[in-house]
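Presented sequentially are two complexes of chain A, the first with chain B as partner and the second with chain C.
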Partner chain A sequence: MTIPHRAARFLRVLPAALLVVLALVGPWITPHAVDEPGTMPFAEPGDGALLGGDQLGRDVLSRVLAGGRELVLSALLIAVVVTAAAAVIGTIGALRPAVGRVVERAADVLILLPAVLGIMLVALSWPGGGRLAVAVAAVVLGLPYAVRLVAHAAAPVAASGYVEAAAAGGERLWFLVVREVLPNLRAILLALFGLRFVAAVYVVSMAGFLQIGPQPPAADWALMIRENSPGILLNPWAVLAPSAAIGLLALSVNLAAAALAPQTGRKAVTLL
Partner chain B sequence: MSPTPDQHRDTAARLPAPVAEVNGLGITASDGRRLLGDISMSLRPGRLVAITGPSGAGKTTLMRALLGQLPPDTAHSAGHLHVLGHDMLDLGERERREIRRTKIAYVGQDPASALNPRLRIRTLLTELNTDRTPTAVRDLLDAVRLPAEPRFASRRPGQLSGGQLRRVALARALSKRPALLLLDEPTAGLDPALRGEITELLRRLTHEHQLAVAFASHDADVVAQLADDVVVLGSDGARGDRLKRPSVTSVAATGREPSGADAGAAGAEGAEGAEGAPVLEVHDLSVTFGRGGEGSQPVLDGVHLSVAQGSAAAVVGASGCGKTTLARTLVGLQRSRSGTVRLDGTALPAAMWRRSREQRRRIQLITQNPLGALNPSRTVGSSVARPLRVHHRTPAASVDRVVEDLLNQVGLPPAFADRYPHELSGGQRQRVAIARALAAGPDILICDEITSALDEATGHAVMDLLQHLREDRSMTLIVISHDLPLVRDRTETVTVLADGRVVESGRTADVFADPRHPATRELCRDFVT
Partner chain C sequence: MAGQLIPDIGEPAALPAASAGSRPAPPVAARLAARAGLVVLVVLKRAALLATLLAVVFIGVALLPGDAASATSERGESAADLARRRARLGLDRPVLERFWDWMSGLPTGNLGTSAHGERVSSMLATAFPNTLVLSGTALVLTALLSLAFASGAALRPGGRLDRIVGGASTAVFAVPEFVVAVGLVLVLSLWTGWLPAVTLTDGDGTPASWTMLVLPVLALTIPQAGWNTRIARAALADEARAPHVEAAVLDGLPPHRVMLWHVLPGALPTIATGLATSSGVLLGGAVAVETIFNYPGVGAVLASAVADRDTPVIAGVTVLAGAAITVVLLAADLLRDLMTVGRR
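Moving on, here comes the complex of A and B:
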């Protein structure tokens, strides 16, 4: 791998890294208090408040800085759990067709359940669950799609000569999954992680918008969009800033995932 | 030796203009290793050029350069390469694709991996063809000696044997009526009769369609029979001498001589080996592909086989008779419909994952296809070391040394342990696969056409190694091959399969001396003992 190639890869990973770090340390570097009014409600930017004030006159910039950490953490957690679980379940399904059929039928049933309905169901039946309830719902709802994708991607690898050779050589199922099949699916798993992260961000923000999970007066990007939408004409930044933060986060993480996928070389042997 | 300028002008005047010309071509890997150096050749309509050289000499790399598609991490370092007047290595991607699509046909070393498993044979043959009528399909199938019936054309690649796939790939390449045909090991893994047919076919097609053909091969017989010109690559990718067509007699003499010497020894051992207790017994084995419903023919039908401990048994038969299926069923990769496989008298479960680790270790299979046999994400060393660790047959501290030994035994330098499969040629990968199977320390080793991707010298060295292990460790060898001289020299008993049934079996020498069944006679036709 040449140096310019590495530099290009680094540049593509950088935005996501910066955003995630900013969201994680944000609560400690807020210029103003997060929960006390400092300006007029929906005050325009200026006068010590770079992005103006929100519905209660609290500093928008401070609340944006403070409101990302939990969203980012729960979205990352959901994406990691979904991708990892799907990688294992999907690959086992590909290696053991009998298991695969059961998994696929189960996934079909879960896919039929609308996401919003699923989240409300979990949140209502587990009122004290808060973010954990949202995360559990997002994992359960995201898993079927991911499993199907991995199962289909793993099928040709599971049928390849080297997996057969390893199986015939006495390897156990776990080794086949972790060492023989999954390393050859790195590109797909990274793409899947990016997609599941975006989906998780949307599910968590949607839950926040519906006030399942974080409750006012907590600082939270999704909650801010909902709370401040009535005043969008007075101080548009109170809505635009958290919206842009959610959008940029989703975009940059996907960019990074694509950059980390292996390019050529060790991918499946060229057929030509 | 390169011709003098005078001769060159002379030949150039008589021959049609070249379709492709290579002048002093050099290709290097990103780490500076020279893969090809100073190669020159011309490909002209109606002429066949053979590219030969030992395994790893750069035959496939040269083919890929002609396609304008160098392997990743390699660069064009010297010389020129023109195809139909275009500089293939310096052309825009779009134009290059256009030329590849319309003018060049390529059939790779492993045709099975180049055929989409989901498409029917009919679609594979009409996809690139301007003429999409059933007649065109029939003619193509006919041209490559496959059954030209609609039922065959409706099959998918997974339902064909290795030899049949190769012919389908060839028919597919011909279907677009190319000007330049590139073939990588066109006859590897074919039985002698079929090899004769394919070489005859290639010769005919070359003249009829005025194709310019380049083929890579390490089979000296095929090169001698087929090639108008020969380009020999040295082992380090340096250009060897450009030879004139070698005489058939000299090649046949060098190629066959060592085998003749071994024949007597193998025959003498045969009597002793046949008396040992059977380590593997196959009883009434039947295999059917698919659901076993409408019109599905059994691939194996009531196969019996008994192999004595420490013996070498061969399974031979025409392409498509079920040899590979038998091998896969023995190791459990293919489930049988009925029948039993007994190892030392214990019946083995049909499904592989129900077999114990020890049972799996004892029977190892080396497959025909060297490309898919190694995990692209793992180094050669880790692939070979894994069976050593799994079965705890080697103390952890000495694993590296044993890996080095194994690579050495199959004729690869120890430095190869750090390479990834995509950095290896087909023959080198095959040798790594052999080393990996040996690492498990099997009691029974099934070799499915393992020498077909190797040049003659390496092939002999590998078979010598296996024979040595057989004598030392009383390992049992089951050899599946089209290579009848190899079967004659290296095995004691032979089983002849035809259409999934055992039609003849017995001592190798007896069967070849006096073939009873028509199928055996057909096999022996081109092969004089």
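Moving on, here comes the complex of A and C:
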């Protein structure tokens, strides 16, 4: 890889990294209290409140700074768990076709369940589950697709001569998965992690918006959009700022994942 | 992307092109019988998958702690009251018996009873068709937009349009629909005043004017059009490398003709499968988008079900959504079979 290419890749990952860091440190750098009114409800920007006030007159800027950490942390957790589990299960699926078939069927079944409904079902049947319930639902719903992706990527590696040789040499399945196949899938797994993070941001923010995840008075981007939309004419920033935060997070992580993805999948049309 | 999780993220893999070998054609009657058998098989497979999902949902809900009676219990309700309500809702019977009752009622249109004793089917009678109109329109628009963008981009690979379409479609597909909706409301409704920001309903519970559908449909369409454009672009690129396309180009046919008659048919099954996968995402996203626009669909029913912790209602919506997605997937299956059979 040439240096300019590497630099370009770094530049495409940078916005996502900055946003994630900002969301993580945000709660420590809020200019005003997150849960106490400082202005009139839906006050316009000004008077020390850079983005105005929300439906209870709380400072919008502070709440936006504070409202991303839990979203980003749960999305990261979901992405890590899904990617790690998919890496192992998908590789086993490539090495043991029977497992692969079960995963395929599971993905076929789960495609019939919109994620919103799945999360509602888990969150409501599990009172007190809170964020954990949302995270468990997101992992269960996202896993089959991720496993399928890894299994497809692992199939050629699993069929290669050196893996067959290791299997014929009596190596255990665990050794084959961890030492022989997975090291070859680093690029795929990195890209998968990025995409799973995007998907998790989508699911967690959707849950927040539908009031299944964090409950008032918590500061949460998705919840802010829901709470403040009645006052969108009075202070648009109370809705626009958290929307932009979620939109930019999804967008930048998505572009970063695209930059990390191995380029083999992209084919140019040369004949037309 | 992805009310549901973004489906099957990653570069979409094209289906293997149908083999071009020529065999002697069997008699018409036998061919028709084989075709009909194939259709029945596909229908049965999809029905079995739907039944499996419903079983998983029912048993999952039953296994998780808490049930409809305890979830809707009021403060200070005694254990005896709770047990009485549980008996009235039939929750004291064995799981398998309840499961059988619920499943056997579904084909007759009986979706069970809510935690408050209402019939779920009557709660959804006007709401679900409204949601179907919303997400169905979005699906059609998604199909048209992604086909247009992808073929436009594929006509000049690496050209300006290709790069713009590639960047834009990658950028938008990850943004949640309700975020898109907020942006659309601000720009197209509150600042310019072109379109209504809320949906008003007629006496029969349907939107009063078609203009009220525009913003919700756009909010659903934009992310999904991004996703499907990527799938269609990759499928077209795969198909363009096929020998028969090279032959058509060498014959001197104009590019748009090659695209329309030689590349697109082979790529269509992959594109259709991608679109069918989107139908679940559209239905899920509709739930959130409806809330923003106050659209009279299942979103409102689900919101009150969430507030009341009314699991049977959500299970009922799951049945209808699963059935709708099954129908769309089935159409994609049949299209794929039709295309591959036609090409042999």
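By definition in this document, the second predicted complex is superposed on the first by the 240 of 272 C-alpha atoms of A that agree within 3 Å, B and C clash if a C-alpha of one lies under 4 Å from a C-alpha of the other, contacts with A are read in each partner's own complex, and residues count from 1 in each chain.
Definition applied: contacts are C-beta pairs under 8 Å (C-beta built on N, C-alpha and C of every residue); 3 or more make two chains touch, one makes a residue touch a chain.
What you see is a predicted model; the values in this text were computed from it and never measured.
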Between chain B and chain C, the one with more contact residues on chain A is chain C
**Message:** In the overlaid three-chain picture, which partner chain does A:30 touch, first (chain B) or second (chain C), both, or neither?
**Reply:** neither
So, A:212: does it touch chain B (first), chain C (second), both, or neither?
second
After superposition on the shared chain, which partner residues are touched by A:180: those of chain B (first), chain C (second), both, or neither?
first
Request  = Could you say whether A:170 touches chain B, chain C, both of them, or neither, answering first, second, both or neither?
outcome  = first
### Task
Scan A:247 for contacts with chain B and chain C and give back first, second, both or neither.
second
Where chain B and chain C land on the same part of chain A: residues 265-272
Within their complex, chain A touches chain B through residues 96, 160-173, 175, 179-180, 183-184, 186, 264-272
In their shared complex, chain A is touched by residues of chain B numbered 64, 67, 69, 71-73, 106, 108, 113-114, 331-333, 352-353, 357-358, 360-361, 363-365, 367, 369, 371-378, 383, 386-387, 390-391, 420-422, 433, 436-437, 440
Contacts from chain A onto chain C in the complex sit at residues 105, 107-118, 120-122, 124-128, 138, 141-142, 145-146, 148-149, 152, 191-192, 195-196, 198-199, 201-203, 205-206, 209-212, 222, 225-226, 229, 232-233, 236, 239-240, 243, 246-247, 250-251, 253-255, 258, 261, 265-272
Touching chain A in the complex, chain C uses residues 1-11, 13, 49-50, 52-53, 56-57, 60-61, 64-67, 70-71, 154-158, 170-176, 178-180, 182-183, 185-186, 190, 234, 236-238, 240-241, 245-246, 249, 255, 258-259, 263, 277, 280-281, 283-285, 287-288, 291-292, 302-303, 305-307, 309-311, 314-315, 317-318, 321-322, 325-326, 329
